[in-house]
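The two complexes that follow have subunit A in common; it is paired with subunit B in the first and with subunit C in the second.
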Partner chain A sequence: MENETELKLIFWIGTSIMLLMALGFLIVVILYHKKVYRIRQKESENLLKTSFQIEKRERKRIASDLHDGIIGDLNAVRNYVSFLYTKEFETDKKSVLEDIKSSLDNTLVNIQNISYNLMPPLLDSFGLIHTLNDYLDRIKKWNNIDITAQYPVRNIIVSDTESHELYRIIQEIISNMIKYGNVSKIEFHIEKEDNKLKFIIMDNGTSFDFYTKLKDTQGMGLKNIISRCKQIGAELEQIHVVHGNKIIISLKNTIC
Partner chain B sequence: MLRVAVTDDHTLFRKSLSFLINSFKNMEVVLEASNGQELLEKLKHQAIDILLLDLQMPKMDGFETYQRLNTEHPDIKVLVLTSLSEAEIIRKIMELGVHGYFTKNTDPNELERAILKLNEDGFYFEKSLANIIKDIIDTPSLNVSVEQPVAFTERETEILRLTLKEYSGIEIADTLYISPKTVEKHKRNLMEKTQSKNFIGVIMYAFSYNILSLNELKN
Partner chain C sequence: MAIFLGFIPFLLLILNKRVFDIKEPIVLFSWLMIIGSLYELIGTDWFQIDTKYWFQLYSLLEFLVLYYYFSYKSDYKNKNIFRLFLILFVLVYVVLFFNWSESNSLFRKAITKLVTTSFVFVAFGLWVKRLFEKKIIFDLFNTSDFYFLSGIIIYFASTFITFLSANYIYYNTSSNLNDYWIIIIYANILFRILLSISVWKMKQS
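Now for the complex of A and B:
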């Protein structure tokens, strides 16, 4: 009888040790997975950050190569053609020179637009507000859209990276609005609230839900916006309005 | 013979510009420099009347160069050459008090007229400015202090209007039946009144305070 109790005891102790070991093993595995996941996430965040930085650098490089190199060369060619034109008296040669000049003019305008889209020249030297102002002016002229922009806060202090990402975010949102929203009116303004800078964009186009659209596989532009927000620790908030859309980008800003 | 200097860091462009200017009558390029520092150095040995100045240059850019020139060589008339046509840049150029600005997009043949006008009238006002001037005035909160505008007399407004129509000093005098000297006096008065460094300042002032309407520039 005594043997039986002892055996039972040993059996139970053995089983519990086995169970504990299994449980411990399970916990180790879960913890390990969590850690790996965290490292991976960190890695992908870093990767994204680097790729944004590289993108910015390359855009800047190409834009300045175009602007300083090619545009200068083409302007020089244009001067020479202009000289030849004034010295030429044969009508057919004159008309060829005229054609050359007008194609040069077209090329120059195209390259200037490409260079501007890659990197607006004002961003580094004149800051975010002037760049946005200029960008909205261009949109107004090209798309025949009524844009009202107000900047009650003029002296905002944001870092280079922040101003670059904010510019891209706002540009992406507005070009999405124009592309898909059937928009005829856009309002843009900047507000300061507590320690936050708020960039508010409103339109009168087709309403859409930002975060539903985001899950859509086609929403590459929107995913891009969210990633860029994450980069600079900004938040994107959509306020539901009766007509059109209202999107607020808020950035924590302790200096302003 | 007008003595012209060209300052631009893009060699091929600078050469082409000098070539073009040398083909114009009564003017000659006597100095070429690739940045502001080189220009100031060369100006010690060579006098000039007109300077074509690029804005974006390494070492010493156009803005800084202009400020230095203003104190060291105030007689030189400066035409800013730029490939940038953003309202903000043009506003900054205007605020510097340069005598004229010329976008690299403008027809090169217009350059001859620009240099001659700069020499005769002391300023050159590019026509394409009409499109951008509205943007500059529409966002005045950037720098202009809000104050009561000074009043222009009828005669002063008349002179301003004729100047915008590209009348020379003598033509204005003939039209208004006054002497060229009186025209000059009125122009100087206007510059003092509006605290402008040159006549472009007066024009900008007149547009900003609606003393003249922008349509007059376009016609």
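Now for the complex of A and C:
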């Protein structure tokens, strides 16, 4: 009888030790995993930050190469063609030269647009609001869309990185609205609320759920918007409206 | 209760439309679980068939499913370690099979459990090692494997001593084996719940 009590005791102690060892091992795995998870997340955030910085630098370089190099050369070619045109008297040749000039003009406009899209020159010199205003004017002209832009808060102070990322975010949202939303009207305005700066974009196009699309999409556009928001600590919120879409980008800790 | 919990993983597989998705090793374990539960319900409870035959077959199927699971999850790396356990298990199983007798069922169970438990602990250690070697780390609580492996580890750790000492308790003491066997029932309940969560998470991942 005494032996059996001992056996029971040994049995339960042994089983408890085995169970505690398994649970302890699982807890160690969970805690260590959490730590590694945090480190890897930090690493990927840093990697993202670096890749955005490299992207910005490269965009600037390519835009400047296009603007100062190719556009300059094409302008020189255009001047030669104009000079030849004035010296030419044969109608056939004049017509060919005119075609060449017209093609060169189109190419120049295209390259200027590419250069502008890569890195708007106003962003560094005149700041975010001027650049956004200029961008919306261009969009209005190119796409025949009614765009209303209001800037009740004009004097905003944001860092270079913030203004660059905000510009790219707003550009991506608006180009998506035009590309997929079948819009005819876009409203844009900036508001200040407490310590937050809010960039509000509204359209009258096809309604969509940003975060559902984000989950389903294979493309990079929407994912880049979120990555850029994360990069500058901004939040993207979608307010559901009866017609169209309303998206708010809030930037915290900004001195207005 | 434990028997009915054995049906849940399979029902979830039906719900997820992945009953025959045998590429996912957890599906095979769910199959094994429902076959075991059906045997216990129909064979043992209704027709009073001895559990010895099922014990013998279950040990083999359990090892094979776990072997497939861990080999698959390790991308068939650490082949030598896994093969060593497979050879050891087959040897032990064959020897015990040819020494079959009505009275040594619990002894056979203890020996095969010893090999399977050792295999599970080693393979789990290798899985953890690989988990931290990966460049991309997923949230553990959202992965199906984590629940399955937690269930497996807890089940094998908590039942190890019971299986090992069952033969001795049954033949050498006047104690009721059921007093000890209760731990296996509780471990089974917990494992079946975790397997059900694992099958459910499989859908999400």
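Quick note on the criterion: the second predicted complex is superposed on the first by the 224 of 256 C-alpha atoms of A that agree within 3 Å, B and C clash if a C-alpha of one lies under 4 Å from a C-alpha of the other, contacts with A are read in each partner's own complex, and residues count from 1 in each chain.
Here is the rule we go by: contacts are C-beta pairs under 8 Å (C-beta built on N, C-alpha and C of every residue); 3 or more make two chains touch, one makes a residue touch a chain.
Keep in mind that this is a model prediction, so the values were computed, not measured.
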First, second, both or neither for A:126, with subunit B first and subunit C second: first
Partner chain in contact with A:46 - subunit B first, subunit C second, else both or neither: neither
Subunit A: partner with more touched residues, subunit B or subunit C: B
First, second, both or neither for A:75, with subunit B first and subunit C second: first
Which superposed partner A:83 touches (first subunit B, second subunit C, both, neither): first
Which of subunit B and subunit C A:154 touches, first, second, both or neither: first
Partner chain(s) touched by A:33 [first = subunit B, second = subunit C, both, neither]: second
Partner chain in contact with A:195 - subunit B first, subunit C second, else both or neither: neither
Contacts of A:137 with subunit B and subunit C, given as first, second, both or neither: first
Footprint of subunit A on subunit C - complex, ascending: 128, 131-132, 135-137, 139-140, 150, 153-154, 156-158, 160-162, 165, 169, 173-175, 179-180, 183
Subunit A residues within the subunit C interface of the complex: 3-4, 7-8, 11, 14-15, 18-19, 21-23, 25-26, 29-30, 32-33, 36-37, 40
Residue ranges of subunit A touching subunit B (in the complex, touch as defined): 67-68, 71-73, 75-80, 82-83, 86-87, 105, 108-109, 112, 121-122, 126, 130, 133-134, 137, 154
Footprint of subunit A on subunit B - complex, ascending: 10, 12-13, 15-17, 19-20, 23, 56, 83-84, 86-89, 104-105, 107-109, 135, 139, 141-142
